[in-house]
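You will see subunit A twice below: alongside subunit B first, and alongside subunit C after that.
The block that comes next holds the complex of A and B.
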């Protein structure tokens, strides 16, 4: 796990920071230096909405070694309240109870661990809104 | 001159719980006797992707969202814990980044067994009172360790509480604080050791009770106050029996301490223990209420505080993600799942 990559991605992983195009108003995630819609470089940081709804989900049973401690886990596509769709793990709920349309909110969790001596990677996941 | 005090507060408790009887069943011990002794029905267990960093961030975000101010005005972040995920690399810097409070601030991790969080509160009170910072954030968080079959296994829980401290929009003014510190070999964990060790019954009278009782008495003596002057009181909660006994010894009633005793359902949240108790008290406080708090950290020391709740409490009390919310958000797990979540199998 490369320290520079973790450092570069921390704002999007910890805070859910994407971009908003100042020319066409398009919002995108993850962070990018140009607008994926109109190609303009006139973009600024934009904080994603913290709540949304599950629009699709599945269960992951095989993954990379640094994430095996959490297997099996649920991952879903979440449509946030600002209309942006992001992927993220859905935690603190049994897989059998997850439903399409279920309201969720962002929390910060451990994404992966590089063994017992390497870096721990943190980022947002989603939990059900009680 | 405006008084320094608590501006906002937040808490976090993991969703998972294991019942005392489930642990007792594994070791063929008498669960009724243990529950009767400790008065702890269950304890909180972090999920497999939770640690002191994630819990600190959640409680800090709850404190910030309850407050609604500008995070760039926070000049200090201190995180007290005995289970920081890194031996070298601060939890406090993660919290600063996850709050978007970087870069103009000081930050540090603290360790003093179960009272490192309240030590951080004292540091923030001092910095804010002397105008070195506008606001300081003090967090107590732990994902405490307990060797399987050790008596600690019944109570070693997890949780976090965060207090924003400053001089503006204060919800609870600091009336005074006093600390008692001695060198005490009651509980320890050596460098590199996975689990802590302790002095069994020695952790009671010369350790917990001496420090909690004497620190509390000394602060009330300095302030000229009496137990009957306070609406609520909370102490460190290694179990429910100890703080109840301390309250009785000092002359506080069961009614004064009852609200803070979250230990019954979440166990001992270590650095967060007395701070979660205080957070729950604030949820139910009214202007003019006085609150007394004394933490305890093995090794050993106690920090005692006296607060006066202000009118501003009404502005922040309705924030929904409070201690009650987290205590009631629960799922019981069996010992096998507990072993997996806690990483007992290595």
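The block that comes next holds the complex of A and C.
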């Protein structure tokens, strides 16, 4: 991944910053400068809900080189409490114990490493809620 | 015939598989020249070419079309079209528009991909990552295979589709592919092999996905005026209807995980334009890059009610000469999937079926055919409907 892209996306990836429309209340992620629903430019950044539940999930065994250190890992679609849906890894739990509907919480983790000397890319993943 | 009719007057393709000794442009040239011979035309009559390919820079060459037309000693307008794994169908639809608009009378379409040059499978995963939401799916850890696994699990949960029904899709397609000399794998694989294989992304097994390989395919499209001036009496394939629709790039933004709405909309548009319905289709080539792809396709194209695709496969309703013959060529699974060349190879199979040239794969009723080519997990879908027409001079 190119450094300008990491810089551009860092607040979304590190903090989970989305956008909400002050005119129609629509919420969206990733960031946009206007409301994807009503088109209004009257939008404000906000922090996504940290908690959500698993909609569907599976396991990844083969991916690009910079993420191969983590395989096999679980990936799923998570619906957050504010209604936003995102794709993310489900970590800190044995794969056989993951279930649809399971409550999870957003955490910051390493997503990929470009070799031993390249950039390390961070982003959010999900862990089970106790 | 009226002036708006568009016909396919020639087709040709390389064998799909591993062509370590061929460059992308030489594969494209081979398919194009075979198509010119098949159409019995002087190649100088072609007025424009559209190339469909996903990978922009195999062998560091950006426009594969430029080196292809040099090899073929042509100097005509050329445009490369990219629509991910549906680039072939996208290029075809551009060519159709070029003729229907009246700007051109004879256009070639070439699809090509050279994927055996990428020896590291991680590179292919990254290329496939560009057909899903690269930033918010792929970089978060999802892969195309894992997203198809989510679609598969959602269908299994909602409609009780079974692993056996899913495995019957590639099993059937390999059986059909035995009789396709251009298929990468001309052999049957027993059902048990699919079911007992290691899961690569649960519930998708190692033998379930189509393979990413090399190949090129080509068509020549012409107006009715060009046909009357240049061709002898013949059975030709007429393009009756087109549909193209899009959906959210990321699965997590979609309303449903159990239907591809882009396919549904594209199919409706194609049927409306052709003036026929799904019940009229005798033979169809659909995007079976994963087993669930074919099950979603036969439901979303209207061949079977939503949720009954798995059952239809189990009851043999998609075999050759059954209710609707699906993937008589062997599909992406047995033919192999060189992305840009796939959408055009699908159309070639329909042309051969409608004109009665499909040999051992030939279906008895062959009045109407359909192709469905999909980008990624369904962010774009292209549906084309074809009919046969006897052209008399």
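Here is the rule we use: the second predicted complex is superposed on the first by the 130 of 130 C-alpha atoms of A that agree within 3 Å, B and C clash if a C-alpha of one lies under 4 Å from a C-alpha of the other, contacts with A are read in each partner's own complex, and residues count from 1 in each chain.
To be clear about the criterion, a contact is a pair of C-beta atoms (placed from the backbone, for glycine too) under 8 Å apart; a residue touches a chain by one contact, two chains touch by 3 or more.
All values derive from a computational prediction rather than experimental measurement.
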| item | value |
| --- | --- |
| Fit-or-clash call for subunit B and subunit C when the two complexes are aligned on subunit A | fit |
| First, second, both or neither for A:96, with subunit B first and subunit C second | neither |
| Subunit B versus subunit C as contact partner of A:33, first or second or both or neither | neither |
| First, second, both or neither for A:87, with subunit B first and subunit C second | second |
| First (subunit B), second (subunit C), both or neither touched by A:109 | first |
| Which of subunit B and subunit C A:120 touches, first, second, both or neither | first |
| Touching partner for A:60 - first (subunit B), second (subunit C), both, neither | second |
| Most subunit A residues touched (candidates subunit B, subunit C) | C |
| Which of subunit B and subunit C A:70 touches, first, second, both or neither | both |
| Overlay on chain A, subunit C to subunit B nearest C-alpha distance, Å | 12 |
| Subunit A residues contacted in one complex by subunit B, in the other by subunit C | 70, 89, 111, 125 |
| Contact footprint of subunit A on subunit C as seen in their complex | 120-123, 125-126, 129, 133, 135-143, 145-146, 149-150, 153-154, 157, 199-203, 250-253, 257 |
| Complex contacts: residues of subunit A adjacent to subunit B | 10-11, 14-15, 69-70, 89, 91-92, 107-111, 120, 122, 125, 130 |
| Complex contact set, residues of subunit B against subunit A | 15, 47-51, 53-54, 57-58, 85-86, 94, 97-98, 100, 325, 329, 331, 343 |
| Of all residues in subunit A, those that touch subunit C in their complex | 1, 5, 9, 30, 55-65, 67-68, 70, 73, 75-78, 85-89, 100, 111-112, 121, 123, 125 |
